[in-house]
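Each chain carries a letter (A, B, C and D) given by its place in the written order, and its residues are counted from 1.
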């Protein structure tokens, strides 16, 4: 095995330290090197996916310590799927943002690219690590990069959003540490597989208290209501590629962490219902907050939170089909929301205004970008024949299997709210009367390539979902097969 | 490759091609779209027999496309109306912007509608249903520059409510009956009322929203009147019929598979909803001053009749509904085309602004006249047949005796707006500013005249429509549907001989017309509309002799209580209140970081306190 | 072939009869009203003279195609309707196309003429005419409701929609429908008041106010033809009421021409008596405003109409 | 050394209580500062105090009375049983580093906020809301 999971982490780290040096050689190094690294991550992902399809899951130990003692990186079909998705989306977002920041001075670009890269690498780290404390470290890496990126524009609102994010993020890390502390005192290990193995012996009360700390801490990362006060601010103030990264990468990692802890480590009754109820509340509140937003990115942010709520609902249902739907939705949401943020950021770039009402008739200036935005809007609402439809459809089917009539009706009613505000925006873009002359910044070629590839994904998967479904299915199987995960990790000795 | 996929592909490619062609030559778009739709319909009618089936797998689901006689019947409407509407569009849309967008969406809508009728499983039904919905949404907002927020989105919201009701039903059909094929679900009794009552109810809800049934009709008038007229032709003519398609499918299988006792109340409710829809549509139609709006409300009313017909569930009733489906598409299509022609030629369809176009646009007027006669349901034109079947079904085969009066009231009041339409646009004083109006171009007239001829012929020989309709009914489970080529018979054996009536009317017409024309031919002076007797004075040029405002004021005053019930307002209030309510929840995000932190801690404490309740 | 010729001849006879009786009744009405107002009044044949004058006018004013067509429409409607109404029961000459159309068809056909006239009036460009049309159509919605209720009641009670069947039923049972379903009769009579458009429902063509309303712009051959049509229509309305409620005419055992003659006499008597109802009401009535008229029709006549349906259902055993 | 250990044995429970009590007190104080104080710097300090409390708690649970440093040295190969659990210490080291980074970032943000708003009152920093 030439390529191992550790490459995911090592490559960005080396690059992060190398960039300040390389920039001395060539000033564009700050931009190009992260791209190379992210592309390398894509290769790693594809290679690993290929490998696990043939040889089964990989558990790589670091620094020569065996699995329960040392830190290990795990690539199962589940984590591999998410890591692949995150790395590909990360690369596309890099491609999109390649020239986006060219107006900034070289030094700032350096920080931006490094932070962005670290955020993506950290997210991958969260996904592939098999160690709970290691996960904490990666969460902090992502967190610090994200706080800085949120405040990247050094504007008044950026700093405010960054500070809020940091404050809540501080709570998340504190509670996560407390949760780890309790788990460690009870099981004496930090390896998630071993924790899961020893979990039945833990006293019920301790288990639940620990779980609650995890739920709150990771709920913050997963943007669960009422812990998501930071999310709309951060999404709307960060640079647009970063907003896309939040939606496509960071929230995926957050949800992954939550799901991994809930599904693998703990075996507590009632947590499924908790996820379902909180997911629904999250989705409901987010969407009704979104409907009256005046700021485009803030609206998209609330919409992201809503989608994550739906993902949590699906995980809460917990059947194989539901997890399948949830993973599919995570993928779709990552793709579609990236596309929306990318298109939306060109609108903002052109109008110099984040307000939705400044989008009136922008279709004439930016026909292609508008088309992508409209496509994304239709897809995220769940209109066939776009990919968003299938994930929603499978989630509904799985809910129906469990006879959750009211849940289905609730989800669909919330979808109607979602539809309302998205179509208002689309209507504005295409049909409202234009006021004033917006500046004309045509999308650059790399951004177009990035957006087209996402749009292509939306349409192709929408028309022919069989292309991706087997992978998602095996990912869902891998997540739900907890005993296999434990056995494999604790027995692999390499 | 399957032939049915080729048709879909033709439409899809056509849609993309027209969209692209627009950047090179906007004149070609219309012709391209027309040719593609023509090609699709030619392929369809020549290559696909009824009973065709095509099975395949997608996303792990068994899907099936195909055509029964029932769907074939609706395919006739879809392709017939689409080809005519696109031919009409070529000139109608000339000179308007974004033609690629328009025609692309147009062909997509046709694709969606065609997909709906060929779907034999629920998933593809839903997919095509949604494609149809959003593609038509793009067309609805094509004209609505300022009203996007309210008008277009209103259509979409209601459509979505309907579609999601359907989706709910679909996922539960899969759970309870373990099938997604429509025929299998029917065979297993999925629509029966004894078992899972919400499945048929949700499906009916979904379909009736597309058919604009009370109280979900509020999207229809604005959507119909705001779309470009050439699209409204199939919007009202064919797409709303997809709702009818679904209701018919669900309803007959309920009717044939359920104990009539259980079924009675839903039949009554649906019938009454249809009846009230008809009345509300009619009374609002007759107070409109915009011809397009008038027609739009009238469409709502007409769909109400169709729903009433379906609700009887009897042979004659379903036959009436199917017949009305076609004939409504024909005459309402023609009327919307007329409105479009007037809009194109005179610049507006506001009846308070234009009048007296009969001398300027005689052919258009002729079409309007015949179509209005059909709309009013008068013999000898086709509309009468539908009305006759409907009344006879209600009187002889159903026991909704009061409903029949409601329907009759609506169709009598329909005379009012019928007259209003003809008078408002074509008759009355000829004003100066309409003097230069020309007759509509020939490519706009041809589809209108074709539809007019269909309306006339179907009045004399309705058997031409009965034949496929009877086959369609047999396809959804009725046995031995009887029909005659040119006469109507009800359950009690009373007949009306339409052929004879048409001949008689024709004969009398010729005789009297010749008589009145020839008598004193040389001394008959044809004078303008200013030459009238107003107290012996000749009216001056500046005198306002147009009577267009508050046309049916006496009726309005008499029926004032009916007007006080405004569904539109109720929905609007609901929407606004909901948004205000949402706004309240939004305040949870105070913007204060400390508050958010407090939420986190409170949430943690609450979880810790109630941990035994939540995590048992 | 002979049959067809015979039919055509019968149709002419019927038309002639309808025309004569209608005109005559019109004259009688004027006479009766005059007498009631203590005037001498015009002679009974005055309407014929009027018609003669109109038809012999040399110059005619047409306001365009629809104005030209309006009288044609009225005649079409009148003749078609007439052909489908059994004037004399079972009589060879007056049978026409009786069995080929039913009540629903007649109901629509009777409105057909009004629409034609309305269109003609519309094209004239005279606002008074259109105002009359607006009132007329509004009023139409008023009185059609009780009328339809009454007819529906009859259909439900006797399970048929063919007029000749009603005549047969009355002949078989020997009891007029007015006794079998009195409420339907009341509703129909009240509705027919509006149908004749005499006072108090004559605001449509109010001569002083609207310059005769819809007819204001018609003259000469047009007005004459319209008068003819109107006369035929009056006859049709009366015969229809007589057929439906008063047992029709011609139901006697006499053979050949004698039977026809007796039947005709019976018909004339019954129609005249029925005709006197609206005429007498007109004599003692002021004029309703349109909305008052509509409200009137939607109150008591409709109430009786619904009562008639309930009665019909009770009679045919739906409630058992 | 031995004397100290004896002294320690004498007051072991007390010290345990003191350590845990201090940890929890620090956490509560930190929470109080974060939730109740309006000044941004005080909030950041609160966060640090809270972190410190958690770190202390971590170290405390890893402590074994009378244990040795978790180092295998020649002649001391069997020390494993008496060793203080090394893992929490390692964790705390990492966490301290992270906490340091977060605090530094937070303070820089506070400075920037103060520059923009000319106030450090968190209640006035709510231009992003709803």
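Basically, a contact is a pair of C-beta atoms (placed from the backbone, for glycine too) under 8 Å apart; a residue touches a chain by one contact, two chains touch by 3 or more.
No experiment lies behind these values; they were computed from the predicted model shown.
Participant: If I average the CA coordinates per chain, which chain comes out farthest from chain D?
Facilitator: Following the centroid criterion, the farthest chain would be C.
Participant: Compute the distance, rounded to whole Å, between the mean C-alpha positions of chain B and chain D.
Facilitator: Chain centres of chain B and chain D, defined by C-alpha means, are spaced 71 Å apart.
Participant: Where the CA atoms of chain A average out and where those of chain C average out, how many Å apart are those spots?
Facilitator: 79
Participant: Give, as an integer number of Å, the spacing between the C-alpha centres of chain B and chain A.
Facilitator: 44
Participant: How many Å are there between the centre of chain A and the centre of chain D, using C-alpha atoms for each centre?
Facilitator: Chain A and chain D have C-alpha centres separated by 30 Å.
Participant: Of all residues in chain A, which are in touch with two or more distinct other chains?
Facilitator: Residues 160, 163-164, 167, 171, 232-233, 289, 292.
Participant: Of all the residues in chain C, which ones touch at least 2 other chains?
Facilitator: Residues of chain C touching two or more partner chains: there are none.
Participant: Identify all positions of chain B at which a residue touches two or more other chains, and write them in rising order.
Facilitator: In chain B, the residues touching two or more other chains are 586, 589, 591, 593-594, 597, 601.
Participant: Throw together a list of every chain pair that touches.
Facilitator: A-B, A-D, B-C, B-D
Participant: Which part of chain D faces chain A closely enough to touch in the complex?
Facilitator: 27, 34, 40, 43, 47, 50-51, 54, 57-58, 61, 87-88, 91, 94-95, 98-99, 101-102, 105-106, 109-110, 112-113, 116-117, 125-128, 130
Participant: Under the definition above, what is the set of chain D residues touching chain B in their complex?
Facilitator: 31, 34-35, 38, 43, 122-123, 125-130
Participant: Inside the complex, what are the residues of chain B that reach chain C?
Facilitator: 356, 358-359, 362, 369, 373, 376-379, 384, 387-388, 391-392, 395-396, 399, 401-402, 404-405, 408-409, 412-413, 415-416, 418-419, 422-423, 427-430, 487, 490, 492, 494-497, 500-501, 504-505, 508-509, 512-513, 516-517, 519-520, 523-535, 545-547, 551-555, 557-559
Participant: Flag every residue of chain A that touches chain D in the complex, lowest number first.
Facilitator: Listed in rising order, the residues of chain A that touch chain D are 133, 136-137, 140, 143-144, 147-148, 151, 154-157, 159-164, 166-167, 169-171, 173-174, 177-178, 180-181, 184-185, 190, 232-233, 236-237, 289, 292-293, 298.
Participant: Going by the contact rule at the top, pick out the chain B residues touching chain D in the complex.
Facilitator: 586-587, 589-594, 597-598, 601
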